[in-house]
Each structure stands twice: as C-alpha cells, then as structure tokens.
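By written order: A, B and C. Residues from 1 in each chain.
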C-alpha cells in the first residue's frame, strides 16, 4: 500500500519564486485497491505520483510504500507515464524485458516472460521486433504497460496513461487494464484528469485541487461498470460537484499569504 | 561495445606487426655508447654518406669506418675491430633545424650550416663547431631566357630592366642570401624585400615552399640563390641556367672557399665521448679525401644515398669544395662570416662585438679534428 | 539499388574526376612541375616499390605509417573524450569547469600545437620509451612519434568531447526515470540509457574527429624529424622535385580519407537505425 503522511512539496523557480505543489497532504491507498486521483491540471497530482515513485522527494512529510519510507525508487513498483517513454533505440521485446534485464534475469527466462506478458496484453508475438516509433499510440501504451507489469510489481503507478489515445481505444485499454489488475491485484495509484475514467476504474476516487485533497469518494459499484447506468452517473456527479466547489475558490499559491 | 573490441584488437595486431629488425651480422656485444647524428640528406654532407656506403672498403683500406647495422639509419663506428660507438642517423633538415634539434637534446652531433650553429651559440647554446665539411656550392640561377650569362651581365640586366628582378632565397640566415645581399650592396644595386621605392631587386623568401622550382615555373621569381643540389635540379628540369657561383661575387675574393656546412656538437658530448668523436672525425677526413680523389665514386654514392639522379649530382658535386680540415682559407672564411654577421647585426648575444679571431676561437673546437688528422698522417692514411 | 540507377549514379559521380583528369593531362604536357598522368599512374601501380628518385620508403609503407599514427591518435581521443564528454554531459560542475577551456581550444588549429608538441616530446616514441637506444630496431613502434600522435589526438578529441557532452546532455529525463523506476542503479542507467541515447551524437563526433585526424596527420608529418608517412613523402617529393610522388601521395591521401569517412558514415547510419525517417 501507499501512504502519504503530511506531505508537502515546494518548487523554486526563477519565474515564480517558491511554489507549493502539495501542501500538508495525507492520503492512504489501501493495498490491492485501485485508487484514482482526479483534478485539474496543476493540482499536484503528477507530483504526488512521482513522489510515490521516488522520483521526487517531499519537502515535508513522509511517503511510505509498503511501510518503507521512500527515498529513491522503491523496489517492485511499475510506472506507466503519459507518453509511455519507451526507449526508442530498443525494439519492443527489449523494452519490455528492461526490468528483468536490470534484475539480471537470464536471457531465456526473460524471453519467455516477455512473450507471456505481451500475450496478456493482447499483443501479437511479432511485435517484439518492432521499434516503438513504428507502433500506433495505443499499441505503444500497451507496450509501456507490459514493460511495467513484466517484473510483477506489487505497486503500479499510472500517470494519465491513456490520455493521448482516442476514445474508443482508451475505453478498450481501460477494460484490458481492469482485467489484468483483477487477476494480479496490485496496489494501483492512477492519476487522471478525466472524471469518467476515474469513476470507471477506481475503488476510490480522490479529488485534488491546488495541492490538497478536498474529498475522497468511495465507488462501491460492481465491475464491469455501465457508463450510462444511473448509479454510475450519480457518482460522476458527486465527483464533479466536489471539483466544481473547490475549483472556484482561489487557492494560495504563494507562500506566506 | 563490439566496435570497441574490434578497435582494441586492431591496435594489438598492429603493435604485434612491429617486427624487431636484427642487426646485420654479429657484433662485439653491446656497443658502449649510442650517438645520434643529425643531417640534412643532400650532397653537402656527402662525407658521411660515402663513409656509410663504403663501410667495407674503409675497414679494409683504413682499418676504421662505419659498419651498417640498419641501412641509412644505424651504423657502428669501428676502429681496429673495436666498436667505438653506435651511430644513429636522423634526417633533421637544414638551416636552423639541426641546431634546434640539438638544443632539444634530440641529437648529440649535427651536420649543418656554420651560420645557424653560430647563431645558436651566440644565443648561449653550448655548441662547438668541431670540423669543416665543405665550402662553396652556392649559385645564382636565372630563368633560361634571362640576358644574364655571368655576374657582370646580371648586374647590367638588373640595372637596365624596367621591372625589379625577383630573386628567391631559402631562409633569412641562409649563406647564399647573405652573400648575395653583400654583393648587391658592393655593386650599388638597391634591393629590398618588397616592391616599394626604387629597388632593382626584390628578394623573395620561398622557404615555406621548400623549393624554388614551382615558383620558377610559374614565373613568380626570375631567379634564385641557393645551395646545391637545388641548383642542379632546376637546371636539369630546364627551368633555369646557372649564371655564376656565389664564391665569385664581389667584393672580389671575399667569398672564396666560404664555409658552408660543418660538423657541430655540444660541449657535453665532446667532454664525454672524445674518443668516439675523434674516430668519427677520422672517418670524415678519410671520406673527404676519397671524394676529392674519386669524383665518379662521389657522384655514384651521392646518387645512391640522396636519390637525386646521377646527372644532377654530376652537375652539383664539382661546384662544391669538400674540405674537412681547418685550412687557412677556411679559417679566413669563418672570420669573414663573423665580420658580416656583426655588420648586419645578426649576432645579438656573446658574439655581438667579438672580433673575427675571438669568434672563431670561441665557436670552434678543432682540437679533436687536428689530432685526428695528425694521427692519420702518422699512419700514412691522410696526405 | 536498381542497376540502372546505380549506373547513373556512378556515371554522374565520374564526370568531375574525368574532367580533372583531362585538364591534368593537358597541363602536364607543358609543365615541368606537373607530372604526367602516366608517371603518377606508374607510381600508384607499384605501391611497394622503393622510390628510385626519392629519399623515402615505399608508398605503401608511407600509407601504413600515416594510418597507424591516425589510428592510435584517434583511439586515444575516443578513449579520453567519450568518458570526459559523459562526465560533462551528466554533471553541470564538470561542464562549467571544462567548457571554457574546450571552447578556446576548439578554435586553435591542431597544427598550431605542433611546435609545442615537438618541444615537449621531441623525437620520442613508444620505441624510445621502451627500448631507449635500441628503438631503431622497432620500426613500426618508432614511427608512432608521440608529438604526431599528440597532435592527432588533440584534433580528434575536441569534436568528440563536444558531441558526446551534447548527446549525453540531451538524454531525455523521462527515459532515465523509466529505467530508475525499474530498479536501475547509476551504472545501469549509464549503460542502458545514457550511452545508447547519446550514441548517434557520439558517432557523429567520431566522424568529425576522424576527418580532422586524417587531415591533421598529413600536415603534422611535414614537420622536421619525422620519417615516413604520406605527409613526409609529399614534402620530400617537393624538395627533390619528384612531383609524381607528391601527386600520387595526394591521391592516396584522398582515397584513404574517403574510405575512413565512409566507414564512419556506415557506423553513424547503423547506430541511428532506430530514428524515424524525417518526413
């Protein structure tokens, strides 16, 4: 599980001086659950995710993954970013195998596991020879997800992974993600700016604005969820309302005011 | 990664291709000392090359000489079956290059021009001229269609021509150029280094080109003053004609037997290896004698070593006076140099105000040379 | 490539050389300095023959000496410039410390360093260092004069270090982070992300450095004390008015330079294989 304890993060920029991206934020992502963080751009949700990944250190407070405080990327986590960030000079096969390579797993074992993971994601076997730039956006994100999943992480961090693909593909990918997660049950922290996506995926939706958690909404609906169903829409509206309420208030973005 | 390994492998292979060459024939164990001799590679230093090429003959006829270990590069200096020293020959180039190499410690002994050596000694380098090599061997060459046939007609042509004549020279301190300049002054012909004023002769430094021949062909210069064998090559190629020898230039008689190349060494080398040097000087003396006696052999050897054609060498060698002993004429020539260098203020150091005698006494150390000559005469080997 | 296209490409490429050949032939007729095409052809046809009219080794030996010197200088440059470039690309402090000096050095022609190299190294070589007075026995090693190799090294070093630093500096953070999250330590990040990402820039630097190295060697060999090499051949041929050797040497220099560049271009293409073609 992931736990944020009174976490604060301050960036100093030349243009705007000190900027507090996160302010005294506490949040728990329970183990085995899919938690979505939703909020407008600049609310700090990406910073939150990066801190869980160990790519940013908190200015105040502590981040814990599975009880251990985070200082640098923790072991056994997977990250899927918005662009996928596949290594362009490596073919798909070697990209997906990257995590295993880093763990010094022998080549033959790597090969087998890569093929298995690709299979789970519905990718054809011959994709291993392709370079990332030869693939469509949707396929690239699938490969990115495969790369993250291949080493069997216990925690999965996802930063708007499907936001750069078209809607039908996005919906399909969401379904595939859910299928995979329901089989593995990692702790998932999923960041998005799409309320609909959050409600579709999450066990819990965390609403953020201006560096703070403003509301946490449990989504108790059974999966697969009907986007057009009444219950779904009701939760959607709840979330939307929470966002609207707090988005109108101007947040402090300068320290000392 | 793979390419890196290939690179390293290639380097190792090429280093392995370095085949150590074996010495020719057996020697008497490790030689006592190795001396590096710098030289220029053309026929002014023929004494060394004849000795190197005719090693067997020298050992047979004189009991001393050079034994080839690696052709053109390494020779053992033998005296009465004993290896006195191992000599390494390095082609360092002419002009100031030889004394420069000696000042950097790259060579211990050098064959080269007296004036560059003197200049370095003047500046404080511990160099001594230990033996003459030759005198003369410089000429004035003009285009084939020039009206000049000798010095008198050249002077007339210079005074009469509407455009200044362009005459090339090799280096600022080159013997040929210095003589030429003094001769022009003696004749009252104004000259300069660029076209300004009423100069009748413009001196052009082609040093960076290293050879006047392309300039002659393109017409950039009307003639040049230079040492052999460049003169012979230009004539051989049909680009010019030899107008006169610089030894004959005015002031009359001043330049006869003007010293050109010599053997020089550092004082340290002289102090540490007197026997080796004396033996080497004996070889030079004998070689010079051989050159004077057998011109055909001289031409053949010169061509073999320098790779200039025999035709060129046959035209060049007769104009060179090979002398390895400090004759009166040679010493007088050295004193003339001192006077000239003083007058044109090229000596700025310890020889700046020295008289001719003082200069010669300081820059020359001829004791080993004289001793060598005496010992050879006692054995009846030197006339 | 289709046969017709290939023929056309070769034919077009041959036009200028053919014209040059013609002009050369005509010029040689009326000149003493310009050697005839036949004479130069004869020299090229016998690369292992010791020149009868030139105080130098054979053309093949000269080429080998020059190539050996360049390879050594180039290899040294790679071995020193790439690590330094990586350092500069990764650490701001290293970049700030070194880039002013490198920028200043960049504008100085490597040849300008030759006199200083001669003062520092003289005639020394690996042979003199290892065997002292017996250095002459080890011809190939003695040809590797330190002064010359140093100047070649300097010429190749600058573009390689600059390009490497640039390539490394432009490594995408996102790629580095992706590897770190997967558990990569600093060494693994370097090997698996930084170097492959910077590889195209590095190889471009190699191509530039290689070209400079080859151009520099010829001029460096003109300096006194050197024996052997194509630059030495050209100078000596000039001095001794055996111009057919000068011309032949120039042609050989061009050919080797072309081959070297071609090889490096191949490497460049191979390393950049993963880049999408520009549309």
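For this structure, a couple of remarks:
By definition in this document, a contact is a pair of C-beta atoms (placed from the backbone, for glycine too) under 8 Å apart; a residue touches a chain by one contact, two chains touch by 3 or more.
Please read all numbers here as calculations on a predicted model, not as lab measurements.
Using the average of C-alpha coordinates as each chain's centre, A ends up farthest from chain C. Geometrically, the chain at the heart of the complex, using CA-atom means, is C.
Measuring from the averaged C-alpha position of chain A to that of chain B gives a distance of 84 Å. Computed from the mean C-alpha positions, the centre of chain B lies at a distance of 36 Å from the centre of chain C. One simple way to say how far apart two chains are is to compare their mean CA positions; for chain A and chain C this gives 50 Å.
Chain B contributes residues 3, 7, 10-11, 14-15, 17-23, 34, 41, 70, 73-74, 86, 88, 90-93, 97, 101, 104-106, 209-211, 213-214, 217, 233, 237-239, 305-309 to its touches with chain C in the complex.
Residues of chain C touching chain B in their complex: 31-33, 51-55, 68, 71-72, 75, 78, 118-119, 122-123, 133, 136-141, 224-225, 227, 235, 238-241, 267. Those residues of chain C that touch chain A in the shared complex are 172, 174-175, 177-184, 188, 192-193, 196-197, 199, 274-276. In the complex of the two chains, the chain A residues touching chain C come out as 53-55, 72-73, 75, 77-79, 81, 83, 85-90, 98-99, 101-103, 131, 133, 147, 151.
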